[in-house]
Structure formats: C-alpha cells, structure tokens
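Labels run A, B, C and D following the written order; every chain starts at residue 1.
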Amino acid sequence: MSKDDVPEARVRVAIAPNAIDERAHIEYVRDARAGAISVFVGTTRDTFRGEKVQKLSYECYEPMALRELRAIADELVVKYAGDGDEGNALDGRGGHGIRAIDIAHRVGDVGAGETSVVVAVASAHRKDAQDACAEAMEALKARVPIWKKEIFEGASAEGVWKANGLGAFAASEAAS
Amino acid sequence: MSKDDVPEARVRVAIAPNAIDERAHIEYVRDARAGAISVFVGTTRDTFRGEKVQKLSYECYEPMALRELRAIADELVVKYAGDGDEGNALDGRGGHGIRAIDIAHRVGDVGAGETSVVVAVASAHRKDAQDACAEAMEALKARVPIWKKEIFEGASAEGVWKANGLGAFAASEAAS
Amino acid sequence: MTTITVLFFARARELAETSSASVDLDADASPTVATARARLLELYPQLESVLLTAVFALNQSYVDRAREADTALKPGDELAVVPPISGG
Amino acid sequence: MTTITVLFFARARELAETSSASVDLDADASPTVATARARLLELYPQLESVLLTAVFALNQSYVDRAREADTALKPGDELAVVPPISGG
C-alpha cells in the first residue's frame, strides 16, 4: 500500500475517569458516507461464578494504554480499508471501508451494570464495522495494559485481580 | 428444549416514526447480569455509487414488520440461550446467554447520516451479543417488510426503490 | 364470492395508485394465492413487472412462491403484495 | 550505574507497596531486561509469584519474554511490570 493509499479515517481513543456516554461515541463516528456503525459496550457484572460483586476497580498504565488503543485503531483502519468500489458490496463490504473508530475505557471504581468500555466503528458497509468492532475488543483484551479488580460482597476486602488470559498472557489463568 | 428451559430475556421491537435515540436502546438492554452489549446502528448514506442522495424515505407493513422483528428477536434468544455455566466462557460464550434484545426501525423521511435502524443485544459474554446482533440485522434485511426509497439530487423526483436481494428476494437485484 | 383485502406497498403501491383494495374472487373455484395473483394482473396490469419479483404475505405471513397454488384463501383474508424489501 | 524507572501496576503495585521505583543496575554488566527482572526479585522478593506471569514493557512497548536477555537497558529507561491484563 503506497502512502497515498493510507485510508482517511477519524480515530479517537481515551481513558475515561468518569462515566461513559455511549451516545457521544456513536455521534463521534457517525458519517454520512458510512452506512453502518457497530458499537460494543462492555458492562460490569454483578456476579462472578455465583458470587456477588460489590464493585470493580480499574487501573491502567495510561500513556501505554493510549498508545496501544491508538495502534489497534490504526491497524484496523488499514486492515478494513475498503476497495473504494461502492458497487462491490455483495458480501457486506466494499466501498470506503472504515470511516471512524472511537475507543474509550473507564478507569477507577465502576458500579455493577455500568459501562467499562465502548468501541464504536463506522464503515461504509455492515460487516467491516462489525468485524472491526469485534477485533478491536479482542485486541484490547489481549494488549492494552488495563487491570480490573473485583471486590466481592462479604468476601475479603482485598478483592481479586482478574486476568483475560490472552496474547502474551495466554499462559495465565483465563477469566471473564 | 423443555418449557422450563425457555430463556428469560427482555425483548422489545418498534417501528419508529421519529428520530431514534441510540442511548435509550442501550439503556433498555443494559443488565447487571450481562457483561456485553452489542449495538448495530444503520445510518443513511449521502451517496450511492457516486450519486448524491438527497433523502431517503422508508415505509413498512407495520403489523407484519413488528411480528417479524419480534420473531427474529425471540429466535435469537432461544439460539443464544447460554449454558448457565459462568465458568464456561473460554470462547467468549457461556453463562446466561442473551439477557435482552431491542430492535427499532425508522419509517418516514430520513435525512442523510441519520439512524434508520438500531439493534441492541445484551448477553453474559461478548460473542453471543455480537453474533446475535449481526444475525438480527441479516434477518431483518431478509425478512422484515420495510422498503427504502432513495431520492437523488438533481435526478428524477421519482426516486429509486432499493432491494436487499436476500431471503425470498434473493433473485432480485442486490443492493446496499 | 370470496372477498379479500389486498395491500400494496412501495413500488406496488405507487403503480396501483392505492395502498389497499377489496378484491372479489370466485368462491366456487376454491381460490388460492395463485388465483389472486392472476386476478391482480387483470385488475392492475401495470403491476406486471413488480409481481415478477414480489412475494405475497397472507395474514402477515410470507407465502412461499412455490406454495401459492396450494394456499387457499377465505373471505376476509389480508393478502399483501411484498415487493423486494430494503430495510436496514 | 544505569538507573532506570520501574513502574508497578495492579497486584505488582500492591505487593511492592509502591507504584514506581528507581532501580540501579551495574552499567559495566551491560544490563538487560533479564538483569532487571533478577534485580527486582532481589529487591522485592514478594513479587516472585507476580513476576512468573508478568511481562515487561520497556518505554511503553512490550518485551517478548524470550527476548528479555537480548533487550538492553540504558539510563532513564522506563520499565513497567505488567501483570496479566484484564481490560474490557
């Protein structure tokens, strides 16, 4: 791919200390040249294997987390670049590829049911946005230095650090 | 699957004459027992094969459209029922399956870039929500009696009725 | 006489210049969806091209193209002409 | 002396009871990430179990476990102890 072929797309990533407004992320990626927006919203669960979760606490290595999030988004823009041919959409792809990606991950204490992460991807056609959205989450869980601690009701106040068990950490105990 | 095994899930479908607020649909499916919400937002595009689209107009066979939307949602709840085992989540599935589905489709005149359809699915784990969301859209485009007319700038005021070319209409010209 | 209600949508509605019509079918001939299809072509010859690709919905359920001749109609049935759909 | 900054996160932070530390490595010994890993075990023996599954990030880029002995450190480097991550 020559330099001129690098797809033009809006990319934004954030580490959010406060509640995430999913609507704002949908609006960021909305594009009249795109027909599809795929959004993934991760929410905290109130139980883990039957045990009641009181709250979750996230921390991150912020500059590296932002760098990894940005790299994930940029890689997906290149991977789902589209072929520029709007006529070639029989498989749900084709056209301008990804127009915009927005990823935000919450840090700090997050109550049960609240949003911990949001990924929004806008593309010309449906499958690109859906696949890129799923891959962004997969990559986020495997690469972005963010940690989640579950604090259970009635259990030790210490809480439990979770592990996704993906990527370089695949040998670790898998969870969530 | 015996009657007792029919999964308990909230299901809502709508034909929307006014602007769709995606946030309201995310909130409808949000569930502290679910960890994942997958959302698809279809938006109208301002061009079709290079031609500038002025506006789009949707109409539907409302009682049948609602019935088909409801059937799609119910079928997905059964298909992605989960196994009730929170420990069995290594592939991103397991647990309680789908907790809630909400589908809404806009009718009437819709400006370029506006939301024409939203599907929100909440599930215990990520892959169920993402797969069910994608399948809901696929089924919606194949089965739900809704029609879209594109009115182009400068072209004949008549506009062009589109065709998804899926399901029972697969022989028809494919588009979008 | 078997009187049914026919609904027209999208391109079919535009060409028929109406969104619904009462259509009488000969009850003695045990009318089916295929009978209705033929009758609609007589009443609305301008629908010929649309009917080539349209599917019928009987009381809000699709009728398989191959089953139209086997699908009986009774008085009061609601039969919709469903041109190729384009929701999404 | 090669002085680097070591960052601790999550369980590593809790066990080290600090989120960062300056660590001196013998410059004559051409220190690497593997050198730092060994030194951290001396300074913070309570990190032993965490270090079994942790990966290092050098100046915000992951260091492959198999490349730790080949990855040289220079003064001012930022080396993060990254226990198994759990974002999402």
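Just so we're on the same page, a contact is a pair of C-beta atoms (placed from the backbone, for glycine too) under 8 Å apart; a residue touches a chain by one contact, two chains touch by 3 or more.
Bear in mind the structure is a predicted one, so any value in this text is a computation, not a measurement.
Chains that count as touching both chain B and chain C, per the definition above, do not exist in this structure.
Taking each chain's centre as the mean of its C-alpha atoms, chain A lies 21 Å from chain B.
Rounded to whole angstrom, the centroid-to-centroid distance between chain C and chain D, based on C-alpha atoms, equals 74 Å. Spacing of chain A relative to chain D, judged by their CA centroids, is 27 angstrom. A separation of 47 Å divides the Cα centre of chain A from that of chain C. Across the assembly, chain A contributes 42, 126, 137, 175-176 as residues in contact with two or more other chains. Shown for chain C are the residues that touch two or more other chains, namely 88. Every pair of chains meeting the contact definition is listed here: A-B, A-D, B-C. Listing the residues of chain C that touch chain B in their complex gives 7, 9-11, 13, 53, 55, 57, 60-62, 64-65, 80, 82-88. Here chain A touches chain B in the complex through residues 21-23, 26, 30-50, 86-87, 89-90, 112-113, 122, 124, 126-127, 129-130, 133-134, 137, 174-176, going by the rule given at the top. Chain A meets chain D in the complex at residues 42, 58-61, 63-65, 67, 105, 116-117, 137, 140-149, 161-165, 168-169, 171-173, 175-176.
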